[in-house]
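Look for subunit A in each of the two complexes below; its partner is subunit B in the first and subunit C in the second.
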Partner chain A sequence: MAHQMHAYHMVDPSPWPLTGAAAALLMTSGLAMWFHHNSMLLMTLGLLIMLLTMFQWWRDVIREGTFQGHHTPPVQKGLRYGMILFITSEVFFFIGFFWAFYHSSLAPTPELGGCWPPTGITPLNPFEVPLLNTAVLLASGVTITWTHHSLMEMNRNQTIQALTITILLGLYFTALQAMEYYEAPFTIADGVYGSTFFVATGFHGLHVIIGSTFLIVCLLRQIKFHFTSTHHFGFEAAAWYWHFVDVVWLFLYVSIYWWGS
Partner chain B sequence: MYYKFSGFSQRLVGAVAAAAYAPQGLKPLASTESPALIFGTPTKLASDSPAAVSYLDKNKVPDLQKLFQKADGLPVHLKRGVPDQLLYRTTMALTIGGTIYCLIALYMASQPKSKK
Partner chain C sequence: MASRLLRVRGALRALRRPPPGPLRAPGPAPARGLAAGGIPSDEEQATGLERKVMQAMEKGQDPYNILQPKRYAGTKEDPNLVPSISSKRIVGCICEEDNSCVIWFWLHKGEPQRCPSCGAHYKLVPHHLPH
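For the complex of A and B:
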């Protein structure tokens, strides 16, 4: 193997950025085809290629780090910066939707009846399922911290148990939200209330699903002995992302569910 | 002045005495492995122990490390051989085929009269 005189990671040539870009092309064009030409083929193909790309790209990162030892301290520092910056960009993504919500709800137009919630909208009771959802996510924040400490203290069984509970709580949240969506007395088409509600909570729900998937991957890696008590950045990244998802929910709950009702 | 290791910035930062004397996450090194048992015959699988289901997995990481560090000149996305190649070829075939189909579809969609 070639030897390097530095601690950084010169990555092997990889086809995944190209396939990922192609997936983006196919998904966006496919969206247009679906909207205007009644065909889902292109969009589905794009989604499939995106999933294949994600699987293989991140599989390669695990190979490079865990099996080939490329994730030296400076490399790990770069990965930390990367994850923090990515989460920051996601924060700004959500800020946009909160901006839209407050824009419409702080000064409701006459078309809405001059009030918020608008005339004709029966909002969900914030002290029923939404409050349960809040408790579920807060509890999952506790269990993921438990997981981390168990991992650092080399307690394999507790790490696996705590991480499993965290994932189950995340799935429980998703199931509860899905049920709420189904039972809600208003839809996305019900004016600006419906739009802001479903777009903001919908993107949040998507992030919960992404975060749960990330945690499931971490669970599988933990079972397969990938993590050590001092080196487990993949798990830390998942934990950061999960806390971010939790915080976004708290803002959603206070703003849209509670204040907005 | 006391210092602690910040897990976030990965270096030493100022801290109060309490954090320096009782670092977070550092516990006495109590091994969770049972002490090496000496039998007349060699011990067999970990699955024999009454521990949690997760112990059924043996630690294959050292073997995988050897596999992925073989000096065969293969890039990491093909390092495992045939399964990697199959997945790569499938992905690339879908990518190239899909891109061509996309360009054709976009060309056709941009024609004024024929709305297909």
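For the complex of A and C:
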């Protein structure tokens, strides 16, 4: 049997890139069907196939790394680069929405009353729930650092406790934000204020949900002894993503909630 | 799937139960990470190619060419030693630092060969990969 003489991982053929592409096609065409032809079938199917693809693809990555040992140091380095590049691309994604917000709010048009917040908009008080949300996310940043140190120090119980608290804080943020959305005196249809507010905070909320899901997967893996004290990149990637989510919130809070009121 | 979820629930319940009596069992503390703090070490749990790389590194070996190749003087007396699993290997010589033109050539088993551009000596060292 031929053995490789390099430390890289030549991945076995996999159907998930194809199913992922199919899901993307179904979701995009499904969106058009929903907008114009009053049918959510295609979009729902696309969403389902996307979720199945993600579950099975990442399950395979875990099998290859944790159970088969393919994640040698060079491979891990590549995964690190990959995660950093992905988070960087997400940073630019949010920069776009901040650009839109500042474009509209620094020079408010006459249609808005020449002021920001626009005439008729009662913004949320930044020192009420939004401030609590800031504290919640900052605290979750502390607890995830606690998790990492416990993991490196081979303390299983504290790793699990700290990671659980981090996840609970993330879920608490989501619940608070959902309540804020329900109770807000303005909607996404309320001019450019509503658009910038709900698109920016909405995408952030989606990223909080994604990050929380990533952390829950890490918790399950930690309980099942996947991570070692020196090799736990899945957790590190989740932690990087979580810190990114926290930083985006801080910018949102200062720009939209605080300065923007 | 459902059985896996039940197992996780069982594991979580076991975690919530406080440890009975003193936190550590009496007797000598084992050196293993899993038994001591509950989180395994790579020594206990690494497998496959990752384990092979780890064990080779501990012995000071690099059979999978992860590290930069060793630099030799490149003279007749001290040629660049090039490990290979077969009887020939491609060499890319960067004659001077920052040269963008890499000199590629096949290095064969036997007598040391010289780079056609800078004359550095290279000698193939055939060896078998551990498996």
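A few comments on the model shown:
Assume the second predicted complex is superposed on the first by the 259 of 261 C-alpha atoms of A that agree within 3 Å, B and C clash if a C-alpha of one lies under 4 Å from a C-alpha of the other, contacts with A are read in each partner's own complex, and residues count from 1 in each chain.
Operating definition for what follows: a contact is a pair of C-beta atoms (placed from the backbone, for glycine too) under 8 Å apart; a residue touches a chain by one contact, two chains touch by 3 or more.
What you see is a predicted model, and the numbers here were worked out from it, not measured in a lab.
Once the two complexes are overlaid on the shared chain, A:N157 sits against subunit B and subunit C alike. After overlaying the two complexes on the shared chain, residue contacts for A:A22 are found with subunit B alone; subunit C is out of touch. In the superposition on chain A, A:R63 makes contact with subunit B only, not with subunit C. By the touch criterion defined above, A:H149 reaches subunit B but does not reach subunit C. Within the superposed three-chain model, A:S14 lies in touch with subunit B and out of touch with subunit C [touch as defined at top]. After overlaying the two complexes on the shared chain, residue contacts for A:H3 are found with subunit C alone; subunit B is out of touch.
Contacts of A:P73 after superposition on the shared chain: both subunit B and subunit C are touched.
When the two complexes are overlaid, the chain among subunit B and subunit C that reaches more residues of subunit A is B.
Within the superposed three-chain model, A:H36 lies in touch with subunit B and out of touch with subunit C [touch as defined at top]. Using the contact criterion defined above for the overlaid structures, shared-chain residue A:L45 touches subunit B, although it does not reach subunit C. With the contact threshold set out at the top, residues 67-69, 73, 153-157, 160, 223-225 of subunit A are in contact with subunit B in one structure and with subunit C in the other. Taken in their complex, subunit C has these residues touching subunit A: 8, 11-12, 15, 33-34, 36-42, 44-51, 53, 63-66, 85, 129, 131.
Across the interface of their complex, subunit C is touched by residues 3-7, 67-74, 151, 153-157, 159-160, 220, 223-225, 227-231 of subunit A.
Those residues of subunit A whose C-beta lies close enough to touch subunit B in the complex are 1, 12-16, 18-19, 22-23, 25-26, 29-30, 32-33, 36-37, 42, 45-46, 48-49, 52-53, 56, 60, 63-64, 66-69, 73, 76-77, 80, 149, 152-157, 160, 223-226.
Listed in rising order, the residues of subunit B touching subunit A in the complex are 8, 10, 25, 27, 32, 51-52, 54, 57, 59-61, 64-65, 67-69, 71, 75-77, 79, 87-88, 90-92, 94-95, 98-99, 101-102, 105-106, 109, 115-116.
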